[in-house]
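Going in written order, the chains are labelled A, B and C, and every chain counts its residues from 1.
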């Protein structure tokens, strides 16, 4: 169980995780915020689909990857939360298709 | 008695294909492969099994290439059966991009010429911008068009290399992870020296890439090869978005996208440089704007083995019969023919007349 | 025009902060690039925030960092936090990304101060969610005031005991501590005791931490020579072998640690020569007495060259900068030598404890080279020890061929969490010394970067 050590007054921001609103402490990294919310796994690997969560917390392991505001494979331990941030678990490989220009075909 | 029927020098794409092919014919074969950090063109390969546009000025090369591409399904099945390795081979056809109208026009001239010379054997069509977009959604708006041939395909070159190594071992080949330091022709046999040990064989095949030049001189073969650097960028794994392999961009079965096709004369420097990487990145984005969001996780610089006219060179030494050489930069495409056809000729001691056009002698015609 | 500096320091931990301060003090135009959002490195991470909130659980040695961070903030350097360096060429061209834009900068002298990372600890189950490094737990505590309640600490090394101590002080419940220090290490380490007397206070502190664990009624399980973490999608239990008997402990969180090793990726990518250090069981970057590497103008300060710890890193940072300043003609050789003397003296004292610590906390072979064949070695590409053995059987000679045979080491972490294991495993399977096996050939980008960033790189030199 991830728990807060000092329960003194903190400021909060609202983010969404997989379309659910979550209140998290301001100033935390995305990884720390999601851990404190005890969300379990952060991603499923593109190789086997197995679940993973942060391992090193210092930008080395790439197991904390999530989708932030539509941008895939972001290292959540290096990025700070902010109000309104949209976070999704990173399921498998990065999906870059939605960002293609409107008029050019459909996703295969 | 010699230690082996044949010794292959070089464990890259060409050497291991020929070595595998000789071993599968029942030859007692040994193969010498350099160390972990050798220049390995085989490791920097893009993975195309490519037919279109190759040999527009040399019908024999066009035929040789098409033969290999046609043998690939059989070769793939054989390797899978023998080594249980999926080399990621498929043949959905391939697209050559033309970025400008001028490129499109030049391309059309080459393809027309090849179609005419191929007498129906060569299949390729020109595509407009919209026609390419139909096959490859997400194409950038400024790309003029391209050419498509159903004869093209792709493969995972790293798994191909590993499968051929496994196949060579499975067929009883003897793999020596040692650098060859000397080669000599004595009493109708070849002496190959490595790590203080000498091994003998009735035949020797030089497939040492850029090392062929020096090795050839020891057995009366002139092998005019020089390095040309190519750089490759590899992205993180992405959802499949590219249905066809193309000359600049290829998506692997695992999802990584390879970006490449640079050509630099920088001697034996197999490093990478940020300006060339930037050029490759810009072209990739021009082709597929959605790639902007993809992350580069790896880059690679590798040295192509280039001959004066860029075509392969195959020869047998007249001075030292039994010494063969094979040099080419299309090792992946030619793997099937190198494994299934070429070894038969080598075992027989005679290269076919159809390969005369690819002999080093062609450079002395004038 | 490319932006040019006299000195560029990569990393703002103790070595980087010390180096850049000394560089600026002697008038060198200095740039500091750091991946984190605030200065301090890992050891003094979030120092400013913790000083402000007067945290007590982090202890004295952490508080030593407060003044260093303060004087770093006051020094006349260009400081870019949040900068991810993805290239250092041997011509000292540096590529970095910040906020989605890539930049190229150059320098006469580059000081690499990228510090250390935790040694990979490939045990069965180490890829499960809720398995983290002890260092990660400490980062959560320092930076986010988050504790992991009822975790099992597993491994060896000073950091493990420090963090357990910090947890106890902060009142975070600890489920158990499984100490993997091989029993024979204690005897071997005794031989180095005489040289370690200067650090007696720290050694005693270690013993106090151990006693504190026992006093707090936390199970401290020693003489464990094998572990595996069980669970399907989440940690369920840890099994450990204690005096030849397997025992099972149900738990939700496991924290692993078996020492730290230099983060050598950037130096190796720049072409710096390295050597295998058997005592620390890791690669060291070869440096001269001013910490300059084999590549002219590229120096390695602190733990990114070889492990010396935070205090040594600070001294090394100053000495490295003085060497660079002399090469820039900012100071004379005589001045350099005079200014370096006090740092060299403290460094010498500080390093005397290393042989003792390195010997005592050298992880057992089976925790560096997994014997359970299904254990994942490469976390990114999910390559097991078995697949590595099979590749070696097939004739694979080294890490680079292994990459092409199996994809091992090809993922985004660029081999940082598998490289050491791979070199040692190949050595073991092919009966070769690790120095003969070698390491991955590293190339830029040493951190992933967006294609868009590369395409629109700022200050790209004209050539």
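We take it that a residue touches a chain if its C-beta (ideal position, glycine included) is under 8 Å from a C-beta of that chain, and two chains touch if they have at least 3 such contacts.
Please read these numbers as outputs of a predicted model, since none were measured by experiment.
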Chain centroid nearest the full-protein CA centroid: C
Winner on C-beta contact pairs when B-C is weighed against A-B: B-C
Whole-Å separation of chain centres (CA-atom averages), subunit A against subunit C: 25
Whole-Å gap separating subunit A and subunit B, where each centre is the average of the chain's CA atoms: 42
Touching two or more other chains - residues of subunit B: 236, 254, 291-295
Sequence positions of subunit A contacting 2 or more other chains: 47, 73
Subunit C: positions in contact with at least two other chains: 411-412, 448
Subunit A to subunit B touching residues, read off their complex: 46-47, 71-73, 92-97, 99-101, 104-108
Partner subunit A, residues of subunit B touching it in the complex: 133-134, 137-139, 141, 236-241, 243, 254-255, 289-295
Parts of subunit C lying in touch with subunit A, wherever the complex brings them together: 35-37, 42, 53, 55, 57, 82, 84, 117-118, 127-133, 135-136, 139-141, 143-150, 170-172, 233-234, 252-253, 263, 379-382, 411-413, 416-417, 448
Parts of subunit B lying in touch with subunit C, wherever the complex brings them together: 33, 35-37, 40, 42-43, 158, 161-162, 165-166, 169, 175, 177, 233, 235-236, 254, 259, 271-272, 274-275, 277-278, 281-282, 284-285, 291-301
List of subunit A residues in touch with subunit C within their complex: 1-6, 25, 28-29, 32, 35-36, 40-42, 45, 47-48, 50-63, 73, 78, 80
